[in-house]
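To keep things simple, chains are lettered A, B, C, D, E and F as they appear, and every chain counts its residues starting from 1.
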Amino acid sequence: MYQFSESGDVVGPVDGQVVPRYAGPPTFARLPRIDQVANFDVAILGVPFDTGTTYRPGARFGPQAIRAGSRLLRRYHPHMDSEPFHDQQVVDAGDVSCNPFDLMGAMDEVDRAATELIESGQRLVTLGGDHTIALPLLRAMERQHGPVALVHFDAHLDTWDSYFGSSLTHGTPFRRASEEGLFVPGHSMHIGIRGPVSARQDLVDDAAMGFSIVGTWETEEIGVKGLIEKIRDRVNGYAVYLSIDIDVLDPAFAPGTGTPEIGGFSTRELASIIRGLSGLPVVGLDVVEVSPAYDHAEITALAAANLAYDVVSLMAAETDPGS
Amino acid sequence: MYQFSESGDVVGPVDGQVVPRYAGPPTFARLPRIDQVANFDVAILGVPFDTGTTYRPGARFGPQAIRAGSRLLRRYHPHMDSEPFHDQQVVDAGDVSCNPFDLMGAMDEVDRAATELIESGQRLVTLGGDHTIALPLLRAMERQHGPVALVHFDAHLDTWDSYFGSSLTHGTPFRRASEEGLFVPGHSMHIGIRGPVSARQDLVDDAAMGFSIVGTWETEEIGVKGLIEKIRDRVNGYAVYLSIDIDVLDPAFAPGTGTPEIGGFSTRELASIIRGLSGLPVVGLDVVEVSPAYDHAEITALAAANLAYDVVSLMAAETDPGS
Amino acid sequence: MYQFSESGDVVGPVDGQVVPRYAGPPTFARLPRIDQVANFDVAILGVPFDTGTTYRPGARFGPQAIRAGSRLLRRYHPHMDSEPFHDQQVVDAGDVSCNPFDLMGAMDEVDRAATELIESGQRLVTLGGDHTIALPLLRAMERQHGPVALVHFDAHLDTWDSYFGSSLTHGTPFRRASEEGLFVPGHSMHIGIRGPVSARQDLVDDAAMGFSIVGTWETEEIGVKGLIEKIRDRVNGYAVYLSIDIDVLDPAFAPGTGTPEIGGFSTRELASIIRGLSGLPVVGLDVVEVSPAYDHAEITALAAANLAYDVVSLMAAETDPGS
Amino acid sequence: MYQFSESGDVVGPVDGQVVPRYAGPPTFARLPRIDQVANFDVAILGVPFDTGTTYRPGARFGPQAIRAGSRLLRRYHPHMDSEPFHDQQVVDAGDVSCNPFDLMGAMDEVDRAATELIESGQRLVTLGGDHTIALPLLRAMERQHGPVALVHFDAHLDTWDSYFGSSLTHGTPFRRASEEGLFVPGHSMHIGIRGPVSARQDLVDDAAMGFSIVGTWETEEIGVKGLIEKIRDRVNGYAVYLSIDIDVLDPAFAPGTGTPEIGGFSTRELASIIRGLSGLPVVGLDVVEVSPAYDHAEITALAAANLAYDVVSLMAAETDPGS
Amino acid sequence: MYQFSESGDVVGPVDGQVVPRYAGPPTFARLPRIDQVANFDVAILGVPFDTGTTYRPGARFGPQAIRAGSRLLRRYHPHMDSEPFHDQQVVDAGDVSCNPFDLMGAMDEVDRAATELIESGQRLVTLGGDHTIALPLLRAMERQHGPVALVHFDAHLDTWDSYFGSSLTHGTPFRRASEEGLFVPGHSMHIGIRGPVSARQDLVDDAAMGFSIVGTWETEEIGVKGLIEKIRDRVNGYAVYLSIDIDVLDPAFAPGTGTPEIGGFSTRELASIIRGLSGLPVVGLDVVEVSPAYDHAEITALAAANLAYDVVSLMAAETDPGS
Amino acid sequence: MYQFSESGDVVGPVDGQVVPRYAGPPTFARLPRIDQVANFDVAILGVPFDTGTTYRPGARFGPQAIRAGSRLLRRYHPHMDSEPFHDQQVVDAGDVSCNPFDLMGAMDEVDRAATELIESGQRLVTLGGDHTIALPLLRAMERQHGPVALVHFDAHLDTWDSYFGSSLTHGTPFRRASEEGLFVPGHSMHIGIRGPVSARQDLVDDAAMGFSIVGTWETEEIGVKGLIEKIRDRVNGYAVYLSIDIDVLDPAFAPGTGTPEIGGFSTRELASIIRGLSGLPVVGLDVVEVSPAYDHAEITALAAANLAYDVVSLMAAETDPGS
């Protein structure tokens, strides 16, 4: 039922000519489960958790929606000329079981799960869940790789200090991570920022933490190529962690999210930007804030699944398969 | 713009012949706000809070949805021969501002808001929010009225002990309330219970706390009249607190909720039961678990709004207008 | 492509074994258009008009939705043992082209269209459109048949006097018709009434106009058979005009309507009541207030289409085919 | 992570206190996969197939939707006083991989998969898919158990001869099965039949094949208890195969289906009927025609999942756990 | 609960750190009501009216939807470096109560309400309602400011003469306004025009009335900057009235509208254009044709709310706060 | 009721000033039926068929949805300065009645219907249905015109060899057509290709069949004008057949389709490309894969209808009206 790589070392997704795409295992891209193979290069991990949400909740149903939206993913990526599920061993590691009533405890559960999956240098792709989970993921990354360069796609900065007295919400992970020294100073950035914020000071604070900001409206001025250039210049060879809040897309392209903001990227723009990062050493990715109750025709889940596929393709270029 | 009672003492809703029902103030039933009248008999209070939810979240948007669903409510209730908004002064008291990141703190905020509203013997109708909020509401009730007889409409018992280590969730309020002595022993009950539970022991525990259980399937056997009889027998003249989890309705009638359970009441059955409680001393009501992201055509919100209207009508029969 | 009756005189719907039901002509039940046959017994007429609406508009899209919802109607009605489209010639007469900016003018257009269709004693089934259109339809009926007995299925009385100064809205047609003497005194009725009204006086006024009222809650007491009995007693042999506001159904069964009211009939109850009227001289029907933008999965349109089918079956029992 | 039976022999669903219900494995009711246990008593099998559909397609997405809808199923069934997933070993056997372009070939695939799963006397619960699949399932049943008594819940007879020249569609399985002698003569029946059919002869033919018919409207006359009595009388001790077309429910309760028919059962009625069959030797079940694209808030999938749970509970009463 | 400006003179929106954004007052952006402050610079006015609609109705529910969609608006506008709700006093003036059965009378009601709000030079932001309301708004503007330069964003010209005999519909306001001399000759324009029209002559007539036309397809040629240039050139320093028919956006970005037209602007393009008008003397804005029954996930309402926010920011640059 | 051309020779659509657009005949653009005029230049043909679908089915409901979505089409196309329904006689030819259970037979039915409609040189616009139908349409075209240059808009190549053993599915028509010699060698192309494919070899095979490929991401590089240039260069004066799979649009613009792929064209881009083909000898068009159950607010159907309108406008430039 599974497709294999030429060498036979890599177990790929279930073959679409043997099992129709609307049937078969509900793993991401119909990949093998982590317990079905001996080793892996990239793990896909679900984090069904949304206790950090401040407006529309529901991202706890994100992982299963993204997996459903990944059923149409196929073997070969023409735009990147790669076979991301055959050039390296990718597996679905299931879900972290997070406690919805203990935000701090849940973060530790995510940290532990991530740490275990990457302890031999594997890459990690996390399907959220709300953006709070980026903090424990970055902690795990830092322990394995040292400080990373963050490339953060989002409508919002997520570097606020607290909300209703809580220092940990989906609006604060990158301030906390910054305070904990999880980033290489001066090489992290936010892309896709737009919409009103609480105060002018938010931008000042954010800059003081060492982030640069690129707004979506710059697309009209410098084009997708210019945006790619900005990212490549910024990360400058450091290990890169990608964090994609799906609300970086316009609500037309991603209605199924919790704090939608008009004026976002189209999926074509965002996928083009990500594909333009080829060659960068991407150590991890999270795709977060997919809230299926607000989606329709699965388009948000489909976008999240395809963006994850693009990043797995980026990872493939860096990986020695079967290691 | 507002309608007045015959005596002129009571300020009723905005007149539907002056302001179209799709226009005008978004208070419950287009009633005056609490700051627009000097005294009131019944307060409508929103509690936009869903941190206690275990499955589909979203009840934080319940109060605004129920208010929108209440726009069609009119002056005279033919089935009960009353004018619930003119026989007594009813006001919209706005929302409690609950902290979504501090479950215990939020419960105190609800308690304080409720306590203040009922301190001169007023009735309280609360629009949830998830069912966790019943606990602070019952605390406030008990302080004002002493222990009450609970008539609890729900698909679920909500007398579980804890969930993921949290002793306070939307599945536990009535165990906590029972432990705190907020009920008259032997005069409280659950109605509409159905669907699988965690263990046979759940029923034993529930009975030990002094509740009786009526399942929806009994409707076929004893009819709505029999159900009314059971309730009236049970509460036996004590001050009654009504708690309506909207999932007591079948998902066909209330799709917009978090833990739907097939085999529920129809709205006609439930409204008939409530109307059959006429004459009972109802001191408070909560209508909870309306989760608008799962609703369609506003039917769940409409049901919640109308059930609240029916209970306000029950209260009217007990009230000296304008007091 | 069309099915014919045994005699060959009657042209029935397009054959479902020749043209799939999701294909072919979009006439009601895939019947022939009025211009395709020489004579007819029953005409189906669309009135896409909703200028009389007071809350959610959209019934202007009702006729096309009901026609789409009628594609599954088949030849034989087992419950009534009839072939309603073969025992008599039924045709789709298309839509009346009503002026949306001239309520009075539009009513005249409906009157003219109806008058023309029934001038040789044919039956008329009208697909609304909002309930305002019942007035011109009753005018046309009265001119052909004299005063009729109205059997009016609705959550609302629709005998109010005016709304925002307009004497003609979807809430007033039966007061106007009563004033114009279009009903046999003492033999008309409303069934399915429920929900709050503007004033106790509304009921007094309604009774003074000669209507009796049956609420949906009586179903629990006297059952569907009792309801049928009440109708048959009331109309007492007079020519019957049926008017079905789809909101007589509960919002669970008919979400796609403009002024939904909880506690309504189920489709099974309503269809059983209508089938129980067999033998009554039904001269016309309107099915109104289907507002597709609020429907889902076509269930409201499907209900409207099937109820019309049941009434056409009632008409078949009375009709000499091909006349 | 999994719950175990008292004896420890039976592996139950994932524990809801360890893994939140919106997380964890997407098997039916979060049960173990067939490859995770040594033996089983009941297998849950998905058949994502809808090539036999004549109106709205989409039931190919039924199995995954029903599994998603089964996440709220809990351990203990109070109404039947059983623990259906602990009194017997139940497993999720995954999906049959049916060829969507070869109706006959697909049927053989279903037959083979079913045959293998029941070869040691196990029970089978099949999640469709369209109703065509009942034929190969009945073939497999007959080979194991001999002819069975069919209890068929449906709005439609499904004993038509052919459609567009195809002898095998979702409207013909029971005629084919009857011709092949898969039923005990005179002990099979249809329940829930309603709506128009192609011809009076359809009923004559159906009776000639040895079926009896019960319409939903009989509920008003004989009640749920009367309906249960009719079934028990009819099957008379023979091995029973249950086939539930979800359109036996009213579209209000099950909008997500392909050929909806008004006037159906409520979920409460249908669940009560099924629970009333306790003690009958049920050898298999299929729940078919769930078409998720037409569902909302998962209510159709939820109904299908719960009805399957009820039937698994029926099976539990008959089973020696762990055998 | 409210935020105040530095000086304390201006009462801003309810503080999002005190009251969660899904809670609290349902005014636009959670601003104070007009009766809560002594003076104001900008009034937000709802006009729930859609009697002028020619296709999909429902814009009568627009104002409440846009207000709900405005809950995420925050204090600081980074793109324009302004605090639009603190640099000037903005208030929610509630809804005009328009008569739905008297188009001409309703227009007078809008005129009166607008006139009163701007009589001391205040700016006005109107939330529709259908586009008919632009006529009375322009009348009020002209009386206060003299003829204005109209910058009209729309897929349609709205300079038709009449529809079904009515000289006032949502397709005619700008012809009427032109006839009444409400515009500065030669300085008004339509932007975003596309899609088929009734006749070539429509364009000739429109030009004769003194309008120029910019189609959305010009974006590919001259870019957003070119479009901004065209507008600034055209209005040339005159007092500007902005009218945004939400259908100027593509249906992907604004499905919730009455006469959708493919090929529209994205929200990013439209917001960029509006922000590019900084420094122009904008005296008023209407945002119209939001029809929530066709919206999903609130994306159309969100777009309307954010565009209004951008225009209020334009106004802030022109205003002396607290005046 | 119908509009006529200046000469009176051509019968145009029903006049929108006489019959409101939400009323009247449900033909495409409210055009006359084929039986209502003597001759025609362009026929609009529905093919409600989706048996060739591999993922989400439902395109069988495409033709009726596209016709509903075409109600807003008006007389004059400003961008192309044409009156496509008056410069030539366009008619609605109804639906082909395809057998859903016989893929090969159905293809013959399409071929026969198409052949008959174009036998005197008429143009054909086909509304699908799934993409399988392009094969019989191309066969009919080739018989009339000889090999054609295919301009194929799609996210997918549709030149696969087989799926589940079937050589004819919606993923294979252009390989079959190529094998049958229906294309001019070297002058056909795919535009809008994106997303993963099964293997690198797919691209090699496709090129070997003589197709060139243009991806949507090239839009950023060469703009719409560059894309137009590429097409005009490629087809080089040969008779052009256009095939538009609606999934060439991004899911934001066309959610109602079966195999959505992110990163597609916007409607503005696609319409601009098509309008840029003015002057090319377009002999036929199919617009396929509209699956209404996944659409919302009709936006996909609206896009399909408008794109067909644009192509009919292209045809008008080539046609001698009334011939």
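Please note the rule applied: a residue touches a chain if its C-beta (ideal position, glycine included) is under 8 Å from a C-beta of that chain, and two chains touch if they have at least 3 such contacts.
Quantities reported herein were computed from a predicted structural model and do not represent experimental measurements.
Novice: Along the shortest chain of touching chains, how many steps lie between chain C and chain F?
Specialist: 1
Novice: Pick out whichever of the two, A-B or A-F, is joined by more C-beta pairs in contact.
Specialist: Of A-F and A-B, more C-beta pairs in contact link A-F.
Novice: Tell me which of A-F, B-E or C-F has the interface of A-E again, with more than half the contact pairs shared?
Specialist: Residue-number overlap above half with A-E among A-F, B-E or C-F: A-F.
Novice: Could you state the distance in Å from the CA-based centre of chain C to that of chain D?
Specialist: 37
Novice: From the C-alpha centre of chain A to that of chain C, how far is it in Å?
Specialist: Inter-chain centre distance comes to 55 Å.
Novice: Got the chain E residues that touch at least 2 other chains?
Specialist: Touching at least two other chains: 20, 22, 54, 56, 60-61, 100, 163-164, 250, 252, 266, 294, 296.
Novice: Name the graph shape formed by the protein chains and their touching pairs; answer line, ring, star, complete or other.
Specialist: other
Novice: What's the complete list of touching chain pairs for this entry?
Specialist: So, checking each combination of chains, I get A-B, A-D, A-E, A-F, B-C, B-D, B-E, C-D, C-E, C-F, D-F, E-F as the touching pairs.
Novice: Which part of chain B faces chain D closely enough to touch in the complex?
Specialist: 54-56, 163-164, 193-200, 202-203, 215-217, 219-220, 250-252, 255-256, 259-264, 266, 294-296
Novice: Along chain B, where are the residues that touch chain E in the complex?
Specialist: Spelled out, the residues of chain B in touch with chain E are 1, 18-20, 22-26, 46, 48, 60-61, 63-64, 67-68, 94-98, 100.
Novice: Which positions of chain E touch chain C when the two form their complex?
Specialist: On the chain E side, the touching residues are 50-51, 53-54, 56-58, 60-61, 99-103, 163-166, 169, 293-294.
Novice: Under the touch definition given earlier, write down the residues of chain E that touch chain A in their complex.
Specialist: Against chain A, the touching part of chain E is residues 16-17, 20-22, 71-79, 81, 83, 223-225, 250, 252-253, 266-269, 271-272, 296-299, 302-303, 306, 309.
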